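What follows is a short report on a single structure.
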Amino acid sequence: MAEVIALSPALDPRDRGGPLQPMLIARDLRKHFPVKGARGKSVQAVDGVSFTVRKGETLGIVGESGCGKTTLARLLLHLIVPDAGELIFDGEAVNAPDGLSVNALRRQVQMVFQDSYSSLNPRMPIRDSVAFGPFIQGREKPEARNIARDILAKVGLDPDLFGP
Amino acid sequence: MAFDTKVPDSLFPYEISYVLMISPCRAKEVKYNWTEYALHPSGTGPYKFDKMVPHQRMEFVPNTEYWDKARVPRQDRLVLVPMPEASTRTAALLSGQVDWIEAPSPDAIDRLKSAGMQIITRIYPHNWSYQLNFVKGPFADKRVRQAANYALNREDMKDLLNGLMLEGYSTIPPSLPYYGHPLLYKYDPAKAKALLQEAGCVPCKVRFAISTSGSGQMQPLPMNELVKSQMEAVGFQVTLDTMDWNALLQVTREGVDKHPDTDAINVSRGSQDPFNALIRHVWTGAWAPKGANWGHYGNPAVDKLVDDILKEFDTAKRLALLTKLNELMNEEAVMIFVAHDVNPRALSPKVHGFVQAQSWFQDLTPISLSP
Amino acid sequence: MADIVALDRPLDAFAEQAPPATRVRGYWQSVFYRLRHDPVTLVFASIVLLIVLAALFAPLIAPFDPYKESIVGRLKPFGWREHLLGTDELGRDMLSRLLYGGRISLSMGVVPVLIATLIGGMLGVIGGFAGGRVNTAIMRTMDVFYAFPSVLLAVAIAGAMGGGIGNGMLALTLVFTPPMCRVAETATTQVRALDYIEAARASGASTAAIIRYHVLGNVLGPVFIYASSLVSVAILLASGLSFLGLGVRPPTPDWGLMLSTLRQSIYVVPAVCAVPGVAIFITSICFNLVSDGLRAAMDVRM
Amino acid sequence: MTYYILRRILYAIPIAFGVSVVCFSLVYIAPGDPLQTVMPPDATAETIAIVKHAYGFDRPLPVQFVIWLGRVLTGDFGMSIATRRPVFLEVTDALANTALLALFAAPIAFFTGYAMGVIAGCFPGRWLDRLVTGAAVTGVSLPNYWLGIVLVIVFAVQLMLLPATGMGPNGSTGFHIFEWSSARFLVLPVITLAMIPIGILSRTTRAAVAEVRNQDFVQTLRAKGLSEWAVTRHVLKNSLPQVMAVMGLQFGYLIGGSILVETVFTWPGSGFLLSKAIINRDVPVLQGTILTLSLVFVATNLVVDLLQSLVDPRIRRG
């Protein structure tokens, strides 16, 4: 854990734990789903998973379908509450009394889905889909829209094409 | 055979035709199961029951051993088919499916005539009127009752029915011997308005219980709408409570006590014999639910007159008393008199030998059908 | 460097040739755009509008008082003394009664569908979104009412309660709520399973927000399309109830009742007697075609 | 497969129970106290007491329901007020006549509707498609009872070709389907009844066929060199389950919803019985007819459901 990271990327003012603090630490995450009908038996979707993801690092998890990948992903976002185990995000324990609130976590983490058709609301222009995050976190509609326009421009998409 | 009545009743011979009798031995045979009896009735009339399909048809064949040889039916088979809808009956006749229909709708008469059908009408003892509530409501006041009668333009009503009625000015049609010279309420809207003013019933809110159809009811919906508009022209405010025939019969049987807010009921009545024509409507002894005096009309003078009639066995004297009763009923305006039906029928040209009687009962035996 | 630059911004090469940026339309604008360019639906939509306006402004445009009788003027053909559509069995002006009758026939058709859409839709969304026992409870009760053919259920309720406009409308609402609920529930369960709902939850949206912004938008489409197709069925059913004497009471004008009472005079003025039937037919066929147009415009596959 | 059938049947039982609860409550939503709606108007006090006990009107509602259900299961639907005949007898006679109409109207409607739908589906946008769609939407929008009246006027009254009303020259008991003298009574009612199902079916078939034609596997079939006719056969097979579901529903409507047509033609079916029950305020008949018709509707839906699973294997795994 002590090796020095090569020249770390430019400091991001929101980087609480400093460049060396691992982005995400999972310790003994566990989530079992009781099987309807057969009392006692349960599906051990996630059983004692621990890993660390450092900033700038990408972690790939591979497994056959039904081995618990999606459940793990949902656990990381607290979409489902883990039975046991701990989640440290950028140095702060998630959902712990003194740590990071789930809502705060939600502001900085998001899922990217496999099937693009079902990951975008067909009745909503792209710009509004992008603006939905900030808007739901409390920003006013116009402000959220501007954020969305900036992000679209940043990734090379012409904002005028993606929202009335 | 001797009948002894509880109270002297000179009119009893008239009413006997209304007492329906069942043969006791057949009743015993089917162990008093009336559904069974309906399928196997017995009797001694000119027709014999052949078969029945519930709701659809009833078939008769001539009773060849009938005692009065002159009245043995001249048809091979008589089939009665119930069709509640007037337009369906008309279509059935025009399409040659049936040879005879009862009460064709007045508007179909011209079409029936153009198809060569025989239209038969004849005044008969029938009264299309409103029996009134004498206990509670505006009609307890004679002036309001008279105003309602003066408000009606019966010529218009006749046009509405394409001529298929006789203007009704009394409980009984003029053709009956005890009609006399009753006070006639000819169309006089001004007088009607004045009477209402005098009675202080302005606007005069009244509620009528009427039916959508029913035997003897002629064309209740259009006729009631016309009466409503004519009465409202002189200051009445009429609410029509429409219900089906059975429901209206029930209201009629239960009497005014059970329906205090209903000011009048529109039920057509047969006036076959003096009792059914006059007495049952005004006699205190016939108060509903016991009898047909729905609105509980009570008048000592009338009661005394009725007693005299029932005790008077000399027909001439009784006729004079009956005439006096009819004139008194008109003077009291015990009903809103509207119309007398003419019992219209449409027969195919092939039907011969039918003579329409002045009665609710008709003799079908002489009828014959040319090919 | 030049080609690197080109590589760096490959899009520009196409930018010039791409057509001028078409105005980007939100979903609803694109629906109206498609509708505007669908002449058939426009024509029938305007006829429907005409019918609704005519019924709404009946008192202003009706040439005569629909209740005024004139025995002399009974059952007259078209055009008799400015009675454009002739007169009925009591001499009342047919055109005026048609306009006033439209009010009742349309409202007895449209109002129950609206109420059923609200109740059925809500139940469907709640059932669809909540899932589990709530869903089964709602959907199984709906199945019970679904077990009755619509005409039968309407007649049963109106018949038992004794007819009249209120009972008629209640009966029709009860008839249309189950299918509406089923459409909403199916749409909701489909939407709920899509990823953007999870994405919304992952961005911290509450269930209410998710329903408001994501679920409703997608459920309203199929619900609205289905509701528009129900209106013509409702009008036919409502006129059927009146025809059986379970809807409006005389003398109030209503197309179904007029059709029934005019049956007697069909031999005198057949054309006049056909007028209410034609009115019912035109209104219901227009609603049907508009509904088809809407479905084509709104039901856009990705 | 049998597991699936069992599950569907078990699923239908609570529905039937629900239907009986609704029918039971009909007596209570009728105005006036329930006893008055179930008794002939001129019933004597003593018969009222007997019936009161039989129906158990004095007992709490659930108990009354159980009594009523018990009697209904044994076929005792109570007495008709108007005719004093057992309701069960009235309903079964009437149902047979309605079934006869439905058995004739259904095949005609399904065949015509399906053919129209297929034609429209296979030639989308062409004039044939527009013609069929126009005819279908007309069929669905026509008030069929009015159509009945018009047909009677034209064919029975003016042309005197067909009878105007009723069922057979000597009523339903003397009805011999194979003799023209009886069968001619069927013609107009069947045409009127078939109008709406033809409309609905051709619209559904057209949509189903059009949708299947757009699916990728149709292109691959063509790519494999199948003739257009062979491709169409595949398309039809795939669109059949969806169409069959609608057929089942429409057959149920033919049985349950024929009240208006039967009233216009005075066809002595359950619909006409129902309309008379309404006019006479005959609640027991109203209740019995509706219960029977809806149970028949549930049964037809169940049968179609099972047939559908035979045709479409995917549903079987369901």
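Note that the chains take the letters A, B, C and D in the order they are written out, and that residue 1 is the start of every chain.
Going forward, a contact is a pair of C-beta atoms (placed from the backbone, for glycine too) under 8 Å apart; a residue touches a chain by one contact, two chains touch by 3 or more.
On a predicted model such as this, the values are computed, not experimentally measured, just so you know.
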| item | value |
| --- | --- |
| Chain labels contacting chain A and also chain D | C |
| If a chain touches chain A and chain B alike, it appears here | C |
| Higher-contact pair (C-beta pairs counted), C-D versus A-C | C-D |
| Computed distance of Cα centres, chain D from chain C, in Å | 24 |
| Between chain C and chain A, distance of the C-alpha-averaged centres to the nearest whole Å | 44 |
| Length of the line joining the C-alpha centres of chain B and chain D, rounded to whole Å | 41 |
| Whole-Å gap between the CA centroids of chain B and chain C | 48 |
| For chain C, residues that touch 2 or more chains besides their own | 245, 263, 266 |
| Residues of chain D touching at least two other chains | 149, 153, 279 |
| Numbers and ranges of chain B residues touching at least 2 other chains | 85, 87, 212, 244 |
| All chain pairs that touch each other | A-C, B-C, B-D, C-D |
| Chain B-facing residues of chain D, complex | 41-42, 81-86, 90, 93, 149, 152-153, 156-157, 160, 162-167, 170-174, 264, 266, 268, 272-273, 276, 279-281 |
| Of chain B, residues touching chain D in the complex | 34-35, 53-57, 59, 79, 81, 83-85, 87-88, 91-92, 94-97, 212, 244-247, 249-250, 253 |
| Parts of chain B lying in touch with chain C, wherever the complex brings them together | 85-87, 90, 105-108, 110-111, 156-157, 159-160, 212, 219, 221-222, 224-226, 228-229, 240, 242, 244 |
| Touching residues on chain A, where the partner in the complex is chain C | 74, 77, 79, 102-103, 106-107, 109-111, 113, 115, 117-125, 129, 132-133, 136-137, 156, 158, 160-164 |
| Residue ranges of chain D in contact with chain C within the complex | 14-16, 18-19, 21-23, 26-27, 29-31, 137-138, 140-143, 145-146, 149-150, 153, 252-253, 255-257, 259-260, 263, 274-275, 277-279, 283, 286, 290, 293-294, 297-298, 301 |
